[in-house]
Structures are given as C-alpha cells and as structure tokens.
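For reference, chains read A, B, C, D and E in written order, and residue numbers begin at 1 within each chain.
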Amino acid sequence: QKVLNAAMGAADLGSLDPHRTASTQDKAIIGWMFNGLVRFKPGSLNPADIEPDLAERWESSADKKTWKFFLRKGVKFHGAYGEVTAEDVVFSIQRASNPQTSAFSSDFRAIESVAALDPYTVEVKFKENVPSVLGIFTNFQGGNIVSKKAVEALGEEFRSKAVGTGPFAYSEYQRNQAVTLVAHADYFRGKPKLDKVVYRYIPSDASRDLAYTNGEVDLIYGRADQRWVERMKSQPKTVLQIFGPGELGHLHLNMTKKPLDDVRVRQAIAHAVDRDQLVKFRGASVFRPAVSVVPEGYLGTDANAPLPKHDLAKAKALLAEAGHKDGITIKAVQTSQPSMLTVMEVVQAQLKRAGINLVFDVVDHPTFHAQIRKDVSDLVYYSSARFPIADQHLTQYFHSRSIVGTPTAVTNFSHCKVADAEIDAARIETDPAKQLELWKTAQLKVIEAACAVALVANTQVWAHRDNFDLGYELKGSLSLGPMLTENSTFK
Amino acid sequence: MIGFILKRLLVALPTLLAVLTIVFLFVRVAPGDPAMVILGDSASQEALEALRQQLGLNKSLLAQYVDFMLMVLSGDLGKSMLSGRPILDEVAEVLPYTIELTVASLVIGVVVGVPLGIVSARRRNGWADYAARMISLIGLSFPAFVSAVLLLLVFAIQLRWFPVISSAAMADPVERLRSLALPAFNLGLIMLAYITRVTRSSMLGVMSEDYIRTARAKGVPGRMVVWRHALRNALIPVVTVVGLYLGVLIGNSVLSEIVFNRPGLGKLIVGALNQRDYTMLQGLMVIYAFIIVLCNLLTDMTYGFIDPRVKRQ
Amino acid sequence: MSEAPVLEVSGLTTEFRIHGQWHAAIRGVSFKLARGETLAIVGESGCGKSITALSVMGLVPPGAGRIAGGRILLEGRDLVPLSEPEMEKVRGNRVSMIFQEPMTSLNPVLTVGFQVAESLHYHRGLGRAEARKTALALFEQVKIPSAARRFDDYPHQFSGGMRQRVMIAMALACNPAVLLADEPTTALDVTIQAQVLALLAEVRESYGMAMVFITHNLGVVASIADRVMVMYAGEVVETAPIDAVFARPTHPYTEALLRSIPRVDRNTMELQAIGGQVPAISAMPSGCRFADRCALVEPRCRAADPPLTLLPDDPTHQVRCWVRGGTVAAEAVQ
Amino acid sequence: MTATLLEVTDLHKTFTVRRGFPRTETVHVKALAGISFSISEGEAFGLVGESGCGKSTAGRALLRLIEPDGGEVLYRGENFLTAPGQRLRQLRQKLQIVFQDPFASLNPRRTVGQTLAEPMQVHKLGSREAIEARVAAVLDEVGLPRTAIEKYPHEFSGGQRQRIGIARALVLEPELIVADEPVSALDVSIQAQILLLLDGLKVRRGLSFLFISHDLGVVRHFCKRVAVMYLGRIVEDGPTEQIFDEPLHPYTRALRDASPVPDPRAKVTMARLEGEVASAINPPTGCHFHPRCPHAMDRCRVEYPKLRAVAPGRRVACHLHDQAA
Amino acid sequence: MTAVHMTTRRPGALALFWGRARRNKATAIGATLVLIMVASAILAPWISPHDPLEQDIIARLEPPSETYWLGTDPYGRDILSRILWGGRVSLFVSTSAVLIAMVVGSAIGIISGYVGGRFDRVTMAGMDVLLSFPSLIMGLLVVAMLGPSVVNLILAIGLTAVAPFARIARAPTLVIKEREFVEAGRAMGFSHGRIMGIHILPNVASEVMVMGSLWLATAIRTEASLSFIGLGVRPPTPTWGSMIREGFENILDAPWLSIFPSIAILIVMLGLNLLGDGLRDATDPRLRHE
C-alpha cells in the first residue's frame, strides 16, 4: 500500500497558503508540503530539538540582532518551480511580515531587514532581541518558505494550489471533500515512500470513525474524549497517537464590563470552576488541568503558578463581598462548534452552583469569531496552541497591544494590561534566567488580576492503522497533526 | 417549444432577481465575514482589514450590490471569496453528484412508487394496500438524517456492501454506483413515499371517473384499463408532486451529503454558510433558484406531454 | 311476437351496501327486448334506471354493489354468472352502452380515434391499420365532419354533440345486438339533442339492433321509443307501448308525470306537481312505494306490495297499482 | 299597461381569456353584443337560447355581478350601472337572483337559518326577533318546515334546496328576481313544484322575473313575453305564445321544432337543424345564424340584420322580415 | 315550536367530518399517538423524572438503567427528561411555525384568489420567489443569518411554509368564488371582507387544516434537520433534533443517545401522517362513499 488516506475533522480546506491560514484543519497538511529554514525534529516539540531544514547552518552576531542562514543547495520546489534560492527565502520572509499578505506579520515585527547575500545566503537583521529567533523560522506558519515564482505566477490561485518544498506536493482539490497530495520525487531528503496522500474532510466524528472502521481511511483525527480513546484502543490493529501541544482553554473575563470589572467577581469565577471535573468529563488521557495561564511545557511556563483552587464557598463569599449576594448573570457569545460548546456547557453548570448564571448566545463559528472581536461578550472561552514559548501566549492574550477593538488587536478579550511591562521586558531580555523570572511574574500578575481563568488543556489525538509507520516517534507536533516525512510508510 | 422555454425563462427572470436581492441582503446582515475564516483566529486586525479591502468588503452595501448585480446579469457569478476559483467551476464540479443523486432517487421513487401506488389503489384495503401505505408512512416519518445513519450502520458497517465515504470519482462507474446506492436509497425513500401515496389517491380518483366506466363498457380488459386508460390520467397529480418535492429533495440532499460524505450542492452551501463565503452563497442561491425554475418548467412540459388538454394548438 | 327476444331480463334485483347493510336499488325488474325495438325507461332521478343498465353490462361497482337475483339473457345466454374476463368479451361486443355525460365519458388523454378503434382491436382482433380504417368508416357514419382529419384529435377539441357521436361510434363499433343508452342527450342543447336522436334512430334502422333508451324527458321518449317502461323507486310500475302510455297513463305516478310537464306547443292548462320525494333505497316503505305521494292512496296500498298486472283490456299494458291495476298478475301471464 | 320596472339598453360584455399552452393566446369572447329589453312590474320576461349564447351573462351583467362593458340598466328610471357604493347596496335589495344549481348556490358550511338571516343582518333590517320572524315567514312561504332553520344544505333534496335558494332571494323583499335556469337541474316532478311556487309568488307578491331557461315549455308556461338569444344578441322577442306558435326568425323556429313534445304523434314534425352552435370567440360574419340557416341569402353573410319591430310588441332581427316591416 | 333559535348549532359539516374521521381506525391511532406525545410534552415539568439540564458528569453516557430509564447523555443528563422537554420545544416551534404560515398563507391565498387579476399574479409571483428556495436551504439561510433562537427558527420554518399554504388556499378559493353562493352574497350586497371571511374561509379551512397536519410533520422534520446541522435552538435547551445530532457524534459509543429521540420523532410523524391521511380521506368527496 502506497496511498495514505487521512481524514480530518473539518468541513473543508481553508487555504494552502502557509502565510495566510491559521486554521487548525490546514496546519497539518501544510506541514507536509513545506519546509522552513529550520525545523523541529519530527515528533518533537522541544525547542532544543530544532535542526537544519532548508538552511544547512546558520550563525548570529554577538548581539543576536543579525543572523545569517546558509541554504542547502539543490533543493527543488514542487513541479517546475526550480531550486530554492536566497531570493525565495527573502521573498517568503518579506511576504510573511507583510500584513497584506500574511496573517502572522506580528511575529516578524522585530525584523529590520532581510537580504540575500548570495544565492545561498540570507541575512536577517532585527531591531531588537527576539525570544526565539529560530522559532519564527521553523516550518510553521510564517516560517514556511514559498516559491517566489509560484506565488507570482499563480496569484490568487496560490491559496488552493500552493507550491512548497516538502515531501508531498499538491495534486488535486475537491471542495468539501479532499485534498490529494502526491510524493515530491525530488524531495531533498529523498523520495517519499508513500506515493500519494488523500487528505479528506469529514467533519462529523461519527462518519469519520465509521469510515475508519470500514477501512476507508487509515489515519484519522480523533475526538479529544475518553470514550473515543478507549474505543480506539480496543480497535484491533490500531495505534493511538496522543501528543502535544496541549491547547489550553481560558475563560477570558472582560474587565471592562460590569460586574466583571470587579476583581472579586472574577476571582469568584476562578474559584467556581472545577478543573478536575472537566478532566473527568473529557477523560484523563486527553485532558490535563491547566498549571498556569500559559500552557504546560512552554518555555517560560510557571509549572507551579498559584491558580485559584476550586472552592465554592470562597466563590460565594467573594461574590457576596462584591455585593452580589443573589448571584450574577453573565452573557457570553458562544460558538456552536461542539468541542468548545460541550466544555462550556459543563462550565455553565459549574458556575451555576456558585450562583453565577452564565447565559449563552450560541452562534455559528464565524459569527462567534466576529463577535468576540467586537468586544460584545462578557466572557470568552477560547482555546489554542501556539509556538511553545510563553511570550507568544502572554502577548496575544494578555498584552494591551492585543486588546480587541484596537488596530493591533489579536486576542486579548479581557482587556488585560497588568503585565505589559514584564512581557515586553522578557521579550528583549537576553539572559534566559531573568527572562524566565519576568515571565513568571507576568503570569502571577495575570492570575492575581484574574484576567482569565485557565481551564484545561487538551492534547492532540489521532489514530492510525498499526501497519502504518510515521517513521519517528510522535510526541508533539506544532501542526497539531502527525508530520508525514519521506520515511512515513506502510509496513 | 423553444420559444416557450425562452419565454418561461424570461418570465422567471424577475423571480431570480428578487431571490438574488433577498440573498444578498441576508448574507450581508449576518455577522462574521470571510476574512476571519481565511486568516484564522490569530490574525491581527491589520491583516484582517487588508484582506477585507482585497475582497471588496469595505465598499458600501449599495456599491457591492450594484457590482454583484452587474456581474450576475453578465452571466458571471464571480469567484469564491475563499478558494478564489470561479463559482461556476466549483458548482460544475459537484453538480454531477447532485444531479446524479437527485435523478437516482427520483428514479427509485417513480419506478417503485408508481407501481406500488397502483397496486395499493387496486387492492384497496387489502393487505397489499396496507403494506404499501406502511412503506410510504415509514418513508415519510424518518427524518432524512436518521434514516441515513441507520442505513450506514446496517449496509456500510454491518454488511459492508457500500462505502461510508460516498464520493467516488466520476470516472469509475462501479464505484460510483456503489457510493450512490445508499444516499440515493435514502432520499428515494422519501420520494417513494410521496409518490406512492399520490399515485394511490389519484388512481382511486381516476378509477371512479366516467371514462374508466366507458372503457370497461367497451370490454377493455382490466389490466389495460389500469395501464392504458387510468395511469396516464393518474400521473398528472403525480407530476405535480414530483415537481414540488424535487425542491424538497434537493434541500434534503444537504443532510444526505453530510452523513454520507458526498460532494454536492448542499455541502457546498453549508460550507459557504459556515465560512461566510458571500459570493459563493449568492452564486449557489442563484443556481438553486434556477434549478427550481427549471424543475417547474420541466414539470409543465411533462404536463403537456401527458395531458393533451394542456397543449393546445 | 314470434322471434326470441335479444335481451330478456327477469326478476333482476341489484343491491348496494349502505352502512354495512345491503339494500335493493332495483327489485324484480323484468323486461324483454326484441330485435330492432326501442324500449324507453323513464322515471325520477334515483329510481334505478342507470343501475338497471349497468347490471346488464355487468358494471355494478364491485364491493359496493351486487346483483342479488334474476337473470339477464342476452341472445339466450345468461350474463349473471359470467366471470369478469368472460363479461369483458361480451361488453362492447354484443351489448354496448352510451353514457349521459359526453364531457367526462371520454378519456381526455387518448385520441378519439384510438378510443373508437380500441374495441375493434379487442373484440375483432383487428390490427392497427384495419381498426383505424373501420373506425374511420364509423366516424363517417355518425356524421363527424372531416372525419379523417379529426380522427387523431383529443376529446377536448370536440364539442358536446360531437363527443356524443364519438360515444355512439364507439358503441356501434362491433355491431352489438343491444345498445343501452343512458340519458345520451340530457346534457345537450335541444338542437343538438335533436340531431343525436335522429342519428340514433338512423343507426338503429341500419344496424337493426335493439336499444334501451333511458331518459327522464317524456318528450324525448315520445319521439324515439316503441315501448316505455316507467320505474319508480327501483321497481317497474308501468310498461306499455308508446301510444298507450301517452294516451292512457294508468299508474298514478305515470299520470302525474305527464301532467307535470309544461308543453311548448300549447298552453298548459294547469301544472300538477307531485308532492314529496322518492324514498331513499335504505328507507323503502312497505306496501306500494308511491303511496306517500299518491292522490288515490287507499289503506290497502300501504298494507301490501302491489304486483305488476296486465290491464284487463290491453295485453301489452302492465301496471303495478292496487287501485288502477288490472286483475291478472303479469307474472302469471308470462 | 303597467309601469316599466327595469329597462336594459344596449348591454355589452366581452370576456378576455388567456388560454393555450405552450403559447398562450388572448381571446375575446363577445358574450353580450348589445342587448336591450324591458320588464314591467309584475311581469315575467323569458330569455331563451342555446348554451353559451349569453343568457346567464345578461342576467349577471344587469345585476352587476359581473361588470358590463357598456349599456344602461334603468331600475325605475335610476341607472343601476352607475349607482355609487351605498346606493348600489340599497338597490341590490330590490334585485335578487336565483341560480340553476341548487348544490352550488348554497354555502355548505352554513345552516339554512344563517343563510337566510345573513342578508337582513348585513342590511340591518330589524332586530334579532324581527329577523327570526321573517325567516320563519319566508320558510312558510316557500313551503319548507321551520325545522329547516338548523339544518345544513346537504340534508335537503334538490327541490328543497332550490326552495331555500328562492327563500334567500325573498328575504330582502325584492321587486325583481333574475331566475337563471331555476328548474333545469330538477326532476320533472320537482320542477313542477318549483314552477308552481314561482307562479304563486308572481301572483301574490306581484314580483317581476327575468326568467332564463333553455326549456321552451317552461318558458311558455311561466312567461308572458320572451326574448330569443343567439350568440350574444337578441334575435327575436315578443309575447310568448305568438313567438312559439308563429316564430318569425328561422332560429326560433328551429329551436321550437327541436324541443321535444310529450306526444308520440308529434314525432314526425321534428325537423333538424344542421351544424352546431357557432363559437362566440369568432362569430360568423353577417347574421351569426346564417351557416345553419335554411333560408340564408347572400345578404345574410355580410350584414347583421337589425332588430326591428314587425308587429306591436314584436321584434325580429332577420333579413327575411326586413321587407315585411 | 314557534321560537326560532338561530344560534344553536346542530352537528354540522365539521362534526360529520370528524365522525367520518373517527370511524377510521388508522386515523384514531394517529390522533392518539399525537395526543400522547403532545400531552407528555406539555406535562414535561411534572412528569419528567429529572431536571433536563442537571448534569451528572460522573454518570455520563450511561446506558438505560433504573435511575435513567433511557440512559444519559455526554453530560450525564437524563435522556428521558430531555426527550420530554425537547418535545416541548420541537412541538412548540413546529406548531407555531405552521400556525403562522397557515394564517398568513391562507390569508394571502384567499385574498389573492378572490381578488384575482394582476394582484393575483403579483402575489403569486412573490410566492414563487419564496418557493425558489428549497425549504431546508431557506431555513439554513435564515437561521444562519439571524442566529439560532426559538423565534428565528419559527420564522424560518414558517417562512418556508407560507407559499405552500397560500397555494393550497388559493386553489379552492378560485373554485369557490365561482360558486353561486358567493355570487348570491354579492347580489345581496355583502362586503368582500365578509364574503372572504365568512363564506370562503370555512370552505377552504378543511383543506388548509389537512395540509396543516401534514405540514406539521414536515416542520418537525425541518426543525430536527436544522438542529442536526447545528442551527437549532441554543443549548442547553434540548430539542429532538439537537439530541439526535449530539447522539450522532456518539453513535458508536452510545447509540441510544440518538435512537430514543429518533423514536420520539418517528412516533409523532407517524401519528401526524396517519391523522393527516385520515383527514384527507374524510374531506375528499370522491372517497366519501365507501
């Protein structure tokens, strides 16, 4: 068997343009098609495991503000787009930094200039120190290298027919059905062992499972649910893959809205939530309670952060103290997407016990995204995985620059700005120990101000047939799905 | 005849325009937009604005409307905001699946439903009648998605006769039939239910008409009375129902497509809805309205074919 | 009358099921029809005229109705016990029927030509071309103008009178021995009615068949019939040659009927209405069924059912009446 | 001579119908091509003719149940056709209609009592008691039992339903009743009952009638004067007896001859009219009757004859009688 | 008896109609099924064994047991109680939608048919516009755009049914307005409103009602389908469709989740269809003489 049938739990492809899409469903497949200058070793999420990819080696100036990348020679783009040159890399980095063409421009904000020194050397200059320079040049999001010629030739079509250098190349797309990839024969690490990958979109969990059970797909996106995990474990000839990063869910409490402008009320909510129950609800093998407001295992996460404990009495007391003896009512815009909605239904029931009446305005997912960014919701449940450095998470959720409604807005739904100084300082701090300390303080401040209540983190769950071998041990994957490499094959 | 068809289409034009306007407005009042879908949730406001600009979403509503109408009137439905591909291409890709499914379920409905209805009418209150009515009641009572799930469980999982993913490529006829079977049967059951009951009641009505008595008075054998004299008259209301429920069928195919993982217009529109692909939504509604207009036209022409009274020189 | 009758109905009783019970719609109807003879059946709406004809045709709706007794001898053969396939061979062949509503009695989706040719196909086994030729000849015979051109028209393209001609052509196709005409002209205009009546008279002449003509228009009866049978509430109440009926209506019902018609050719002296209405078949009174509406009613009328008797002075005139009737029971004479 | 109650002058009505498939065509049916007649108080005026000649259209147009295209209808000298809303409602009480079909002319969902009381309630003619009393009286008058009040139309026979229809026309105390084939749907025996009832009303109440029928016998019995219509026009009118005994127009003669007479001896006289009624959609040129007329002359094919008086109270539209005038 | 009582009503056409309908066994079964389901929905607050919203995370996805007769859902909520409460929403939404469509649609149909002419053509063209949306698609669009709520669902489902009701009411109106009793009404000076409301409406009503009962089934199905696609009433409020949808996601682990609400829908649909058929047979004059 040389064809891999994979099934994703989404309705459709968003876009194959790596700089343009951040949708979960697209990350995995983009990971199979592109390379960065560097990459995480397949199966690993540890920044220490970053290894050369398109760049053979790199060097940086002493102040860490100037970096030189020396490209591997003879790397071919898919199709007839030729060899990767410094020009492509410069183009890619510039494209990723431009808000007109990229969703990730803010990651590259610190870049001052990019230049090709010769066809195989690229120089990047930074305005300031960046917490992890190699991080932004990994094969993830804006770090992916695209073909300049292809982008220019395909124009609008690039987003459905993207051209990269990865082991698999775009071949066909059927809307709402599947993307078909074929092996990139000239892949620089060697011709992939698989001939073809069909990446199907099957949004319904049941249908996807049925298709797997029926032998129509070999690799499926799983449901982060204990039942599912157990059923898959009991399925014959099936390998279950549970890996990082954990997507940490927060309840962002909008500090500009009554009664949430009172810190006691926010703390009451923090105490009313029962993480252990949530873990029980979804299953211990896939859900882990939050340890801090930054996901566990990130560089800079405070593993012993003083998150408020579940304590109904305290929650009620705090509410009473804030003058809400008879409880409060909070309105939240809520997506109808099942994985998020189900968690919130449990939270709703938990808050109820503390006298907090959470009212949902359930809308479909696009509406949800639009409305929470218009600052209309008192409380936003949001969960995500980012590049595993505390800075990303802290900046996007808790820095005043990211407050929704502002021009530079990202996802700061709570209007939190208690730790701006620490976050900014940590970013340009060159001493790792001090940097960790600053991040720790930032986390503490956010927790004290109760900008957000960290709930639980769910790991990624996939399953595949036991005769399928990824070619490495899968412990984590930034693309939230198993990486396919030239070595992935059926035994 | 061609003149007639053209005229009918011309008459349908205002309807189509009205549909378009309604859809246009509907789509725009909804919160959320395609930019967010395209860029993902960590996109900055800046990037979002930039993309909106590119997609033309920042223009005034009126300007967008005028642009849209002009485009449609020139026969172009524009490009999908999401994939950037022409909508007609996207539609053309899945249309065969939808047509295939609709026609197959229609054929199942007619081929099984009409004889069933006739038997039911002829053996009124006999066991065959009760059986046929039961079948049709079952067809009517199952919401399409419930029956779809049951069919999957039985025929795909237990018996393994048919695939769960019914999206075989158009090129492979055997696979195509295999993957068409379950969805077509699922929708066909609904169609069959309607057709059986209409055939039955219209047959009962026709059999008590004077001309049936005339035929029998002439000594026409019983079977010929039914097939030659009664059936064609009885088919007139059946055609009406088929025409009417073709719309329902097309609508219900959404469910079938979702459960059976089949490409088709329904899935396209649900996708467009979820991703706020405005142009796609508008284009699809035009296609839907157009299909319905065509269905009505076909129904009318079928009348003319069956009933000479309709067609007068 | 020496020749054997082509149609002889005796003691015909047809019943219908109403609320689970069988009620007689016609009871003990008997008549004979000689070759070339026209018998008119008259009577009020619902008295059983059509049912009589349908019983002869074997077209009483199965399930709802049944022939409960009597014999129907067509050219000496009893039709009552025949199976449906056997009956199909007789219908349209030896006995055929024309119905009242020319508008609804033709199949709207088949051409008139086909409908006429069809019975030739079934009964004579003619092929398509032959059947067409014969049918075309029939069209000409019933005086359909430009017959060849209109052969492939549909019924809706024909006027009422024209359609009735098609019906007649259809009935005549296989040269039947008996033609049953159930109010064939009631739905037509007077001028058209006159044309159709004349046509019927003509074809009867040329085909020599016997005809049962059902109507409630005594004027029409007068112009076409040889003999008249008056029915009331499912029973024959009087039967006589045409002249006798008009000259000497004997049953009080027949008499009243004749006096309730305003005439066009002279001033009616005084109209006489028959009060009351026909009893429903599920609520027939005992005794004489006309008793409730009869001016001459006597106690014995309600006590027992009067028999059909011959008038003492006229052996062709039968009446069912205690008061006016003869002394000899008609059944006994036969 | 009594006073003229209703005077109809030059009444026109053309229907426009769209028909056909796949190509629709618009056709104009000239149902009334200018008819004039008058009815005096207490008089029954007959209108006869073949099916589709426009008899019902005439009756309906003069009551404005369908709006006529032109002409004048003077009710006691007042133009009914131009009467404004309120006045029209008042006038309508005086002109009532009885229909042919006793099944279709009663609302199956309303009891007889409701049907009869409703017009009086609408016109606010008296208290509830008064209305009830009046309903009871009218029922007596048409010979229905009072228990009929609570029954629904389907519980009655055809003849009884026709009585209800007549009763409904009577409750508003009209002066003229348009009777559109009121007995055609009935059995002869019942027909006589209804005719006798109408006779009685005519005499007792002094009601006027426009009596539409295709049964010449019935018209002869009921009407003093009669007009014969052919394709939307009156071809002959005058006193009933004269017209039927001595028809002048060939069509009238044909009509009379085709009407069967319950007398076996009359059989021989039955003459036949060839051809069918022409269509009102495109009537023949000249005299509409000429294709069927045994006396047709060249002139008849081109010129429509005027309706002329040939004797006192008698008019005919036929070129044969032009000279006579 | 001299006093005349015009107000007392004898069992009239409607009573006869019901009588006829009752005689038919299937109709009676249909009516009983519908009644039982409606009653249990109405009585849900009193008869449901648990709070439909009460979560018991420990007892999630339990198969039917003594405590939870029909098992529990992924939140440990009692399925039986949710079916009972869900019936309230599902039936309320569909009934209100059909009622609205019935009233609006028949009004449009009757007026349009009665007035006729250009008005009729324009109104019917408007109805054609509505009919140009496949009903489920229309529902999808409306709900997705306005947001899923009980009111919007009612609106969406109602909107899809207006045109069919207008048509069903218009057809007999065209026939009835030609009936002579309508003309008689005009001859007696009745207003158009009176003729439409008192004389035409009751004669159209039975057909509209038959259609209503059958359309109710369609509405329930549409509601369920919309919920199935995820456009139903907002959680945690249960509806049958959303329960099936939730169940569908767990169909391999806990099939009872979707089976039981499916059965609930099935029973109502069966009942409504039997009832509707019975009513149709009872109103079809051609089938009356059995």
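The rule is short, and it goes like this: contacts are C-beta pairs under 8 Å (C-beta built on N, C-alpha and C of every residue); 3 or more make two chains touch, one makes a residue touch a chain.
The chain lineup, named per UniProt: B = Glutathione transport system permease protein; C, D = Peptide/nickel transport system ATP-binding protein; E = Peptide/nickel transport system permease protein.
Model, not experiment: these values are computed from the prediction.
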- Message: Need the graph distance between subunit C and subunit E over the touch network, please.
- Response: 2
- Query: Out of A-E and B-C, which chain pair has the most contact pairs?
  - Reply: B-C
- Considering only mean CA positions as chain centres, point out the chain farthest from subunit D. A
- By mean C-alpha coordinates, which chain is most distant from subunit E? C
- Item | Rounded Å distance between subunit A and subunit D, as computed from the means of their C-alpha atoms | 88
- So what's the Cα centroid distance for subunit B and subunit E, whole Å? 23
- Taking each chain's centre as its mean C-alpha position, how far apart are subunit B and subunit D in Å? 53
- Task: Between subunit C and subunit D, tell me the centre distance in angstrom, where each centre is the average of that chain's C-alpha atoms.
- Result: 32
- Message: Quick check on subunit A: which residues sit in contact with 2+ other chains?
- Response: 204, 206, 210, 213, 363-364, 367
- Message: Quick check: what residues of subunit E touch more than one other chain, meaning two or more?
- Response: 144, 248, 251
- Query: Which subunit D residues touch at least two other chains?
  - Reply: none
- Message: Please output the residues of subunit E touching subunit D within their complex, sorted ascending.
- Response: 1-6, 8-10, 12-13, 179-181, 183-184, 186-191, 194, 198-199, 202-203
- Message: Considering only the defined contacts, which subunit E positions touch subunit A in the complex?
- Response: 53-55, 57-58, 60-61, 74-75, 144, 147-148, 230-231, 234-236, 246, 248-254
- Item | subunit E-facing residues of subunit B, complex | 14-16, 18-19, 22-23, 26-27, 29-30, 133, 137, 140-146, 149, 153, 197, 201, 204-205, 208, 247-248, 250-252, 254-255, 258, 266, 269-270, 273, 281, 285, 288-289, 292-293
- Inside the complex, what are the residues of subunit C that reach subunit B? 57, 59, 84-85, 88-93, 96-97, 99, 101, 104-110, 115, 118-119, 122-123, 154, 156, 167, 170, 173
- Message: So in the complex, the part of subunit A that touches subunit E is made up of which residues?
- Response: 204-206, 209-210, 213, 223, 227-228, 231, 277, 280-281, 336, 338, 341-342, 345-346, 348-349, 360-364, 367
